[in-house]
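In what comes next, chain A is part of two complexes: it sits with chain B in the first one and with chain C in the second one.
And now, the complex of A and B:
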C-alpha cells in the first residue's frame, strides 16, 4: 500500500509544481503571445492578402503568393536585399573580430581601466540612436561637416560621404559598427575572464605559444559567446532601420535602402500596401532564421565537440 | 498532464486576448454618463511649434460649450503621418485632424472620414477662390476637408550675397517679382563665380519632405506640368529639358544636389548661409528659418515665359468617422468655431501665417508689404494635384528621379522610369 501511495503523492506534487511554474510564466506568456506571436501570425496571414490602407475599410482579399512573386520582380526590393546582405556580410565579421580583439586586449587590465574601456565602447549603445545619427549626420555634412573640415584643413577636397551612391552604404556600416560593438566587447571581456586559468597555465608549462593558447584553449572556451555575438549581430544588421531612416532615407538612388527600410516605406510612406510589406517581413524573418541556423551549424551550437 | 496545462493556458490566453479586444468596442461611444461629449484633436504644428494656441482654442470653445470636452494632442511632421496610419488601421483614430489635403483626401478616399458637404455648402458663397474647392474633394465627389487658410510656396534669396556677387541685377524686385529662367541661370552663375557661398543653391532630393519645391522648380523652368492632359503623372518633354538644365548647372557647379537632404536640411543650409537660395520658402518656413544676419527676399519660381505656376498649401480640418454621431456633431461644431467664429476665425488664420479662404475676412495683414505681395501671388496658383490618386506613390519616385539625373542617368531615361512607375 505504502509503495503505491508514494508515487501518487509524487505525481500530485509534480503537477502542483508544474502548475505553479506555468502560473509564474503566465504574465510573460501573455505579453509574448499578445505582442510577439499574434502579430507574427497576423503578419504571415496578411502577407497572403492585398491588404492596404486604401482597402482597410472595405476589406482585403486573399491573393495567395502574388505578393511573394511580385517581391522577386521588384528591382527596388532586389537592390534593398543586396544592400542588406552587404551590411550583414561586412558588419558581422567586423564586429565579431574587432570585439574579440578589444576584449582580448582589455580583459587582463586592472579593473578600473577595464571599466573605462567598457564604458567608452558601450556608450554608443546606451545613447539614443536618434542622437547618435544626428551627430554622425553633422560630421558627414558635405558643406560644414567635421570630416570635410579636417580634409579641407589639410588642403584636400571634401568628400560627398552620404551624398554618394558608392560611399553612403559604407557610412551606414560604419555607424552600425560603432553602435554594435559595445555589447560584444562586454561579453568577450566577461567570457575571456572566465576561461579556466589552470588550462592556460598547463598549456604554457607545456610550451604552448600565445597563439596556440588562444586557438586551443581560449577560443573553444569562448565559443558559446562567439555564437551569441554572431547571431545577435546578424539579426541586428538584418534589421538595421533607424539610422538609415534618419541619415539617408534609403538614398541616394536606393543605394542604402534595406529590406527593413523598404518594408517601412511601402507600409507607411508610399503605397501603404500592408500585405506586400508583410510579405517582405516574412522573407526577412525566414532569411534571418536561415542565417542563424547556419551559424549554429557552422559553430556546432557553440561547442567544440 | 503538461499538455493539458499547456492547452488550458493557451485557452486562457485566447480568452484574455479576446477580452482585450472586446473592451474597445463600448469605448466608441463619445457621450459619457454626465452628458459631456469627449473629442480628441490631433494637430500638426501648423499654428506654430509649441505656440500653445491649440489649447487656447480648445479652452475658449469649451468655455462656450459645457457639453463638449476637447483633448488636444500635437503631432510632429516627422512621425505624425506614421502615427496616423497606425491609429487609423488600429481603429484608434482621433476625431479631428488639422492637416493639409494630401493626407486628408487619402483618408477620405479610404473611407475613414465623415463627409463635410453640409459645412462646405455654407462656405461656398464666401470662398476667396473657387479652385480651393477641388483641394477639399475626395474621389467620390464628397468634401472631406474644411479649409481655413492657404499660402503659396516660393523661393527665398539671400539679398546680401546676391549684392556681393553682383547677381541682384538678375532678380526682379518690382511689382509681383516674376522673373525668367534665363535670369535665374545668370544669377546662379554669378553667385558661383563670385564664390560668396559654398554653393549657390541646393536641389534637395534625399527625401519627400518639401518636395513640392523641387517640383515647382522643374515645372516652372520650361512651363511643364506634373499632371499630363490625360490626367496621368508625367514629366513631359519640357520637364526633361528642365532636368537637363539642372544637370548642366550641377555639373558646372552653378547649383548643387542634396542627395541626402530634404527641404528641412536645405532650409538649414540657407539659414546658415551655406547657399544663397532656397526652393522651399513659404510663410511658415520664413518664420521657422528666419535669420537676422541677412535679408531674405521672397520671389516666385522663375519660368521661361515669365508667368509662374506656384504650388500652394491649404490648411484644413477633417473629421474621422468613429461611428459616433455625437462625436461627429461635436467635432463639426469645434471646427466651425476655429474657422468661422467672428473672433477666433480670423485669429486662427493669422496664426497659420497664411491667407484666409473666406473672402469676407478681407486683408488680415493690413500694412504688411511682404504679406500683400504674397497675397498677390494667389493669381499664379497652379493646378492642385496633391489629392490626385497615386500622389503618395509618386513622391518617392520624384526625388529618386532627381537623384538619378544628377548621378548621370540621361534625363529622358529617368523621366521615362518615373512616368512608368508613377502610373503603374
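And now, the complex of A and C:
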C-alpha cells in the first residue's frame, strides 16, 4: 500500500505543475492562438473558396483547388513569382557575404568603433521602411534626384531608375539590401567574438595564414549563425512588400511585382478576391518553409557536428 | 579580445577606407531626410546647370508648417493631424511593448523552467509559427478583426494592429532563452521556503530575466513602430493613421512635394532613432539571444 501511494502523490504534483504552467502560458497563448494561429487556419480554409469582397454578404462556396490551378495559369502571378525568386537569390548571398565581411572587419576593433559601425549599418532598419523609401524615391527621381544630378555633373545622360522595367527591380534590391544587413552584422560580430581564441592562437603558432584560420576554424564555428542569417534573410526577402508598394506599386508593367505585392493588390486594390489571394499566401508560406528547410539541410551537411 | 593589437597591413587600411565609405553611404539617406525637411522649396528642386545644395544654407520651417496645417482633436485638445499620427505610433508601440513583455516573460519562464504535459507541442508550435511569414495572414486577420468589430472605430483599429504583434511568438522564444539561465536551485529554495508560484516568479525569476525583458521591450517597440503592412490594412480612418502611414499617404497625394514628405519622414524617423540609440545595448543583446539555437 505504501508503495502505491508515492506515485499517486507525484501524479497529483505533476498535474498541479501542468495546471500552473498553463496559467503562466495563458496570456501568451490567448494572443498567439487568437491572432496568429486562427488567422493562419482561416487563410488556409479560405484559399479553397471563392470568397471575395463581392460575395461577402451572400457567402462563398468551396472551389477546391481552383484558386491554385488558376495561379499557375496567371501570367502576372508567374512574373511576380519570378521577381520574388530573383530578389531572394540575389539578396540572400549578398547580405550574408557582405555582413560576414563587415562583421569580421569590425569585431576586433575597439568597442566604441565597433558600436559605431554596428549602429550605422543598423540605422536603416530602425528608421523604418517608409521613411527610407521616400528618401530613396527622391534620390532616384528622374529630374530632382541626386543620382541623375551626379551622373549629369560628370557629363552623362540621366537614367530612368524606377521608371524603367529593367532597372526598377534592381533599385528595390539595393534598398532592400541596405535595410537587411543590420541584424546579420550584429549577429556575426557576437558570433566571431565567441570563437574560441585558444584555437585561433594555436593555429597561428603553427603558422596558419589568416585565410586558413578563417576557413578552418572561424567558418565552422560560426556556421549556426550563418544558417540563422540565411534563414531570416530568406524570410524577409520573400516578404518584401513595403518597399515595392511605396516605391513602384509593382510597376512599371508588373516588373517589380512580387508574390506578396500581388497578393496585396488582388486582396485590397483590384478584384478583392480573398480566396485567390489567400491561395498565394499559402503558396508563399510553403515556399518559404521549403527554402528554410533546404538551407538547414545544405548547411548542416557542411559542418562536421 | 582585449590586449590584442590590430596589425596595420595594407589589407587593413583598405578595409577601413571601405568601411568609412560604406558608413557614409548608409548614413546619407538619413542626412538627406533631415536636411531636406528644412530646405526651402527652391533648394529642393535641381535646376539644370545649377549645383545641388549639399548643405542647406538657410533653414526654413515652412515644410513643417505645411505638415502641421490640418488640425484634429484628441481628448479635447486641438492638435495638428501629424501630431495625432505620431501619438498613434507611440500608443501602438507602447501598448504592444507592455503586453508582449508581460505575456512573453510569463510564458517563457514556464517553458524553460517547468516540466508539464504538452510542453514539447506548445514549444514546437511557437517555433514553427515564427518561421512562417507574418504578412500572409493579413487578409484573414482583417476578416477576423472586422468580425470582432474592431476596425470600425479609431481606438478599436489601433488595437487590431497591437494584438497580432503581441501574439507573435518571437518574444516567448526570446524569454525562454533568457529564462534558461535561472538556476533551478534558487527556484527549489523558494519552494521549500513556502513561496507561492507567482511570488517565486516575481522575487526569484524576474530579477534574473530583467535584461531579457529590456531587450524584448526595445525590440517590440521598434518592430511595432515599423509594422507597416499591418497598419496599412487595419487603419483606414485618417485619425487612426500612424506616422508611417501618414507619410505614405502624403507621398501618394503629393508625390513631388519632397520638402513636405521629408518633414514627415523626419518626424517618423528621428524619435525612433533616439529611442534606439538610448537603448541600443539592450537591443544588440536581444538580437543575439534570439539567435542562439535559433
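To be clear about the criterion, the second predicted complex is superposed on the first by the 282 of 305 C-alpha atoms of A that agree within 3 Å, B and C clash if a C-alpha of one lies under 4 Å from a C-alpha of the other, contacts with A are read in each partner's own complex, and residues count from 1 in each chain.
In this section, contacts are C-beta pairs under 8 Å (C-beta built on N, C-alpha and C of every residue); 3 or more make two chains touch, one makes a residue touch a chain.
Please read these numbers as outputs of a predicted model, since none were measured by experiment.
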Note to self: If we overlay the two complexes on their shared chain A, which of chain B and chain C does A:239 touch? Say first, second, both or neither.
What the structure shows: second
Check: Counting only touches as set out at the top, which of chain B and chain C does A:29 meet: first, second, both, neither?
Finding: both
Item checked: Which partner reaches more residues of chain A (counting touched residues only), chain B or chain C -> C
Note to self: Once chain A of both complexes is superposed, is A:274 in touch with chain B (first), chain C (second), both, or neither?
What the structure shows: both
Next item on the list: Look at A:105 in the shared chain and tell me whether it touches chain B only, chain C only, both, or neither; answer first, second, both or neither.
Entry: second
Next item on the list: Go through the superposed model and pick first if A:260 touches only chain B, second if only chain C, both, or neither.
Entry: second
Next item on the list: Please indicate which partner A:18 is in contact with in the superposed arrangement: first for chain B, second for chain C, both, or neither.
Entry: both
Next item on the list: Check the residue A:162 against both partner chains and state whether it touches chain B (first), chain C (second), both, or neither.
Entry: first
Note to self: Going by the contact rule set out at the top, does A:248 touch chain B (first), chain C (second), both, or neither?
What the structure shows: first
Next item on the list: Applying the touch criterion given at the start, work out whether A:128 contacts chain B, chain C, both or neither, answering first, second, both or neither.
Entry: second
Next item on the list: Determine where on chain A the residues touched by chain B overlap those touched by chain C, and list them.
Entry: 18, 22, 25, 29-30, 33-34, 38, 143-144, 267-268, 274
Checklist line | Sites on chain A touched by chain C in the complex | finding: 14, 17-18, 20-25, 27-40, 42-43, 46, 102, 105-109, 115-124, 126-132, 134-139, 141, 143-146, 149, 152, 178, 183, 186-187, 190, 193, 197, 224-225, 228, 231, 235, 238-239, 241-242, 245-246, 260, 263-264, 267-268, 274, 277-278, 281-282, 284-285, 288-289, 292
Margin query: Applying the document's contact rule, which stretches of chain B touch chain A when the two form their complex?
Written below: 1-2, 5-6, 9, 12-13, 16-17, 20, 81-82, 85, 88-89, 106, 109-112, 198-199, 205-208, 257-260, 262, 269, 272, 274, 392-393, 395-396, 399-400, 403-404, 407
Check: Which residues of chain C touch chain A in their complex?
Finding: 1, 4, 6, 15-16, 19, 22-23, 26-27, 29-30, 32-33, 36, 44-46, 48, 52, 99, 102-104, 106-107, 109-111, 114-119, 122, 125-126, 129, 131-141, 143-144, 163-164, 166-169, 171-172, 197, 201, 222, 225-226, 228-229, 232-233, 244-245, 247-248, 251, 256, 258, 261-262, 264-266, 268-269, 272-273, 276-277, 280, 284, 287-288, 291, 293-294
Next item on the list: Sort out for me which residues of chain A touch chain B in the complex.
Entry: 15, 18-19, 22, 25-26, 29-30, 33-34, 38, 53-58, 143-144, 160, 162-165, 168, 247-249, 251-254, 265, 267-272, 274
